[in-house]
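Right after this note come the structures.
Two complexes follow with subunit A in common, the first pairing it with subunit B and the second with subunit C.
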Partner chain A sequence: MMQWRGGALMLGAALVAVSVGAQAQSGGDTIKKIEEYRQALADGNPADLWEARGEDLWKQKRGPKNVSLERCDLGKGPGVVKGAYAELPRYFADADRVMDLESRLLHCMTTQQGMTRAEALKVPFGDGEKRSDMEALSAYVAGESRGVKMNVSQAHAKERQAYALGQKLFYYRGGPHDFACATCHGEANKRIRLQDLPNLTETKDAQKAYTTWPAYRVSQGELRTMQWRLNDCFRQQRFPFLEFGSDTSVALLTFLARNANGAEFNAPAIKR
Partner chain B sequence: MKYATHLRNALLAAAAAALLVSGCASTPRVSAEQAHDVLKTSFTERGQAKLDRLEQDDVQKTCSYGPGTAPSKEVLDALEKAQLAAIKFPADGKLLGDWRAGERIAQTGTGKQYSDNAAVPSGANCYACHQITPQEISYGTIGPSLLGYGKVRGNSEAILRYTYGKIYNSNAYTACSNMPRFGHQNILTEQQLKDVTALLLDPSSPVNK
Partner chain C sequence: MADPMRIRAKMEGDKTVVRVLMSHEMETGQRKDSAGKTIPAMFIQEVTATCNGKTVLSAQWGTSISKNPYLQFAFSGAKAGDKVVVSWVDSKGDKRTDEAAIAA
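And then the complex of A and B:
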């Protein structure tokens, strides 16, 4: 653990050095250099540690009912993990609701393992020694979709409803800054300071963004999931605190995931 | 800028109409009220960010359109007029403050997030979206470059009032701008607004060197 953190810090410093050093050159060069660092790290992504811990957690008997998650149905049948993430969010008849991976994990932890919602969400987003089981489990399940094409369904009426709602919410402005997701992610080739902003309404950018989460964030030394990503973008949007697994989060994730359909899933990735 | 926005809206509308014809007819419609109701169940208050932030004012309601649902030119013109009428210019008539203080405000990214201390004055983070001084190379591109702004425009009374007014309420001149309404929404104080106006217009500001 500690070793990885040290390594991560060094990588962080290297990335900063690269981006500062590249300022006299073109932005394209900066991106190329960062790509090179990513390549160099490709067989040593610290996300491996989260994936391994997640696999253990998946198989461990846990909670008051002392059962593992190996009977949890992620949409492809009880216990099937392979390729599941590439088809989420989806409608689940047992909950009569569309769920993303993290809502579904929460559902299985409460209904099958007998945990309370508060227990299951004790650490939704990890912070150093306070490790998040949810992030580890998400890393493991997502990793089992590497190389699988995104294939999010719109067959059920509630799936279509979630997509339409997600799209509407993407353009919903509010708060003191009048921001919507679209303010920062609605046009091509924009950036905030030096950070590139994907245009999430355009297929290519949407695919690249969605298929690279969850991700190990070098700047934080943590693995982060899509629930975290949305939560933190809403914070920057000056909205209040997004509840984990809320209808807003599931709708937006349905919108983003469906827009990535056809692209090969390739996460947990590594990011700034 | 404004013409470009309207043109873009028209193009988006045409593109969406084409999509509908090609048959995505089964997509359900979601109203603004439905979206608002879902938001109300999805957030909790934290720090200074209370749930009232999910309530939209007229501008936010009008400007939350996606592809193919852009408001008409008449609606956008009326919006600009109403926002222009709501601008409060300083009672002392002075629009220029201290450009050095303005530069600090333009650099500061904190303010109004639940993670920010509400007792500390907000920054404006102009650099998040604009190139401003030649010295700062870490700038965003959501808005146009403001390099040489005062040198190009001069500082006639009209330019002074436009610039202060623009920062106070961007929507008074460009309906549905992506730029926050810094005065109208009480993000910046009157003194802070004067300071960032000076950053753009003071002849001794690095913007105009």
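And then the complex of A and C:
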């Protein structure tokens, strides 16, 4: 009896060893092929269409006050778009809080253009014919930071506070699955189906991940932003719904953006 | 009214390479909405490109083309500064025409 058991165990171990080896090899090939596919796609990235629409929206007189966003201060002075995204999130004295791009846009739309929060956020995330102005504007502003090095500040006390909170959130386990961001993004070589999961605790992966969002998601036919990314991660974690532009979202973004410091920004990109 | 296309045209040797991005839903007629009703097909049916009044590309498209299609093609006989005009007509009769000058 004992002998038979031992034999079965041995056989089991051998099988595992073989299948792991085969998987690692074909996995490497697949990853390379997917990388090639992505490069082939990058030339005709439909994110361009969102950037163009966003630029239009930025310059258009909109809202009850009928003004454009060209006086909106994204941190580098009113109307300065070039390089702004690479320094966000940051502390804004006029709102006395740290803001990411999208909460800042929301701030400008409500304070300068006179929209209500509900109006400005009518379609936070687009879906086919229901197009999101927020996503288009984000694509445009982010695109104006292409080639700029990430440089997120920690000079203000509230910026340090946001980072610390973001870090805490990243490792915080909760929800019905007892999941943290770090459960999926705290170890190297993890993946969901064919998607490699970046290990966000490591500088190289953290930089690559952050500098390639916003991105056009081929599988959805939509351009997605960081607020969407976090929102969908929270959904997958079965966490409570992440409020758009909330302090929670901004704190996590501060943590992620700051960890990407020094890398060249290169988005809107294209993803599966 | 459909969004404008993004057209880039460039001389590469004696050939002109044109890259076009179109903004279109390209509904196949196979999808269902959240209520279970079929979403009617609506797709770009005809694509034409002209340069100096001559047709350089003419295509008939169907539902197998992706959403927000990207089209790249090359032709000869043009020079930098010439205009490439691209138009499409979809199955609902909606149309769009845009142009771009050929870069050196």
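The working rule: the second predicted complex is superposed on the first by the 247 of 272 C-alpha atoms of A that agree within 3 Å, B and C clash if a C-alpha of one lies under 4 Å from a C-alpha of the other, contacts with A are read in each partner's own complex, and residues count from 1 in each chain.
Basically, a contact is a pair of C-beta atoms (placed from the backbone, for glycine too) under 8 Å apart; a residue touches a chain by one contact, two chains touch by 3 or more.
Bear in mind that the values here come from a model prediction, so they are computed numbers and not experimental data.
A simple residue count on subunit A separates subunit B from subunit C, and the partner touching more is B.
Looking at the shared chain after the overlay, A:129 reaches subunit C, while subunit B stays out of its contact range. When both complexes are overlaid on chain A, the residue A:221 reaches subunit C alone and has no touch with subunit B. In the overlay built on the shared chain, the residue A:165 is in contact with subunit B alone; subunit C does not reach it. By the touch criterion defined above, A:98 lies against neither subunit B nor subunit C after alignment on the C-alpha atoms of chain A. Touch criterion met: A:190 reaches subunit B, while subunit C stays clear of it.
When the two complexes are overlaid on their common chain A, residue A:46 makes contact with subunit C while staying clear of subunit B.
When the two structures are aligned on the shared chain, A:181 is found in touch with neither subunit B nor subunit C.
Look at A:69: by the touch rule set out above, it reaches neither subunit B nor subunit C.
Residues common to the contacts of subunit A with subunit B and with subunit C across the two structures: none. Contact residues on subunit C toward subunit A in their complex (touch as defined above): 3-4, 6, 19, 21, 23, 25, 66-68, 70-72.
Residues of subunit B that touch subunit A in their complex: 26-30, 32, 34-36, 38-39, 41-46, 49-51, 53-56, 59-60, 63-67, 112-115, 127-129, 137-142, 178, 180-181, 185-187. For subunit A in complex with subunit B, the residues that touch the partner chain are 23, 157, 160-161, 163-165, 167-180, 182-184, 187, 189-195, 197, 201, 234-236, 238-243, 246-249, 251. Across the complex, subunit C is touched by residues 43-46, 48-49, 52-53, 128-129, 221 of subunit A.
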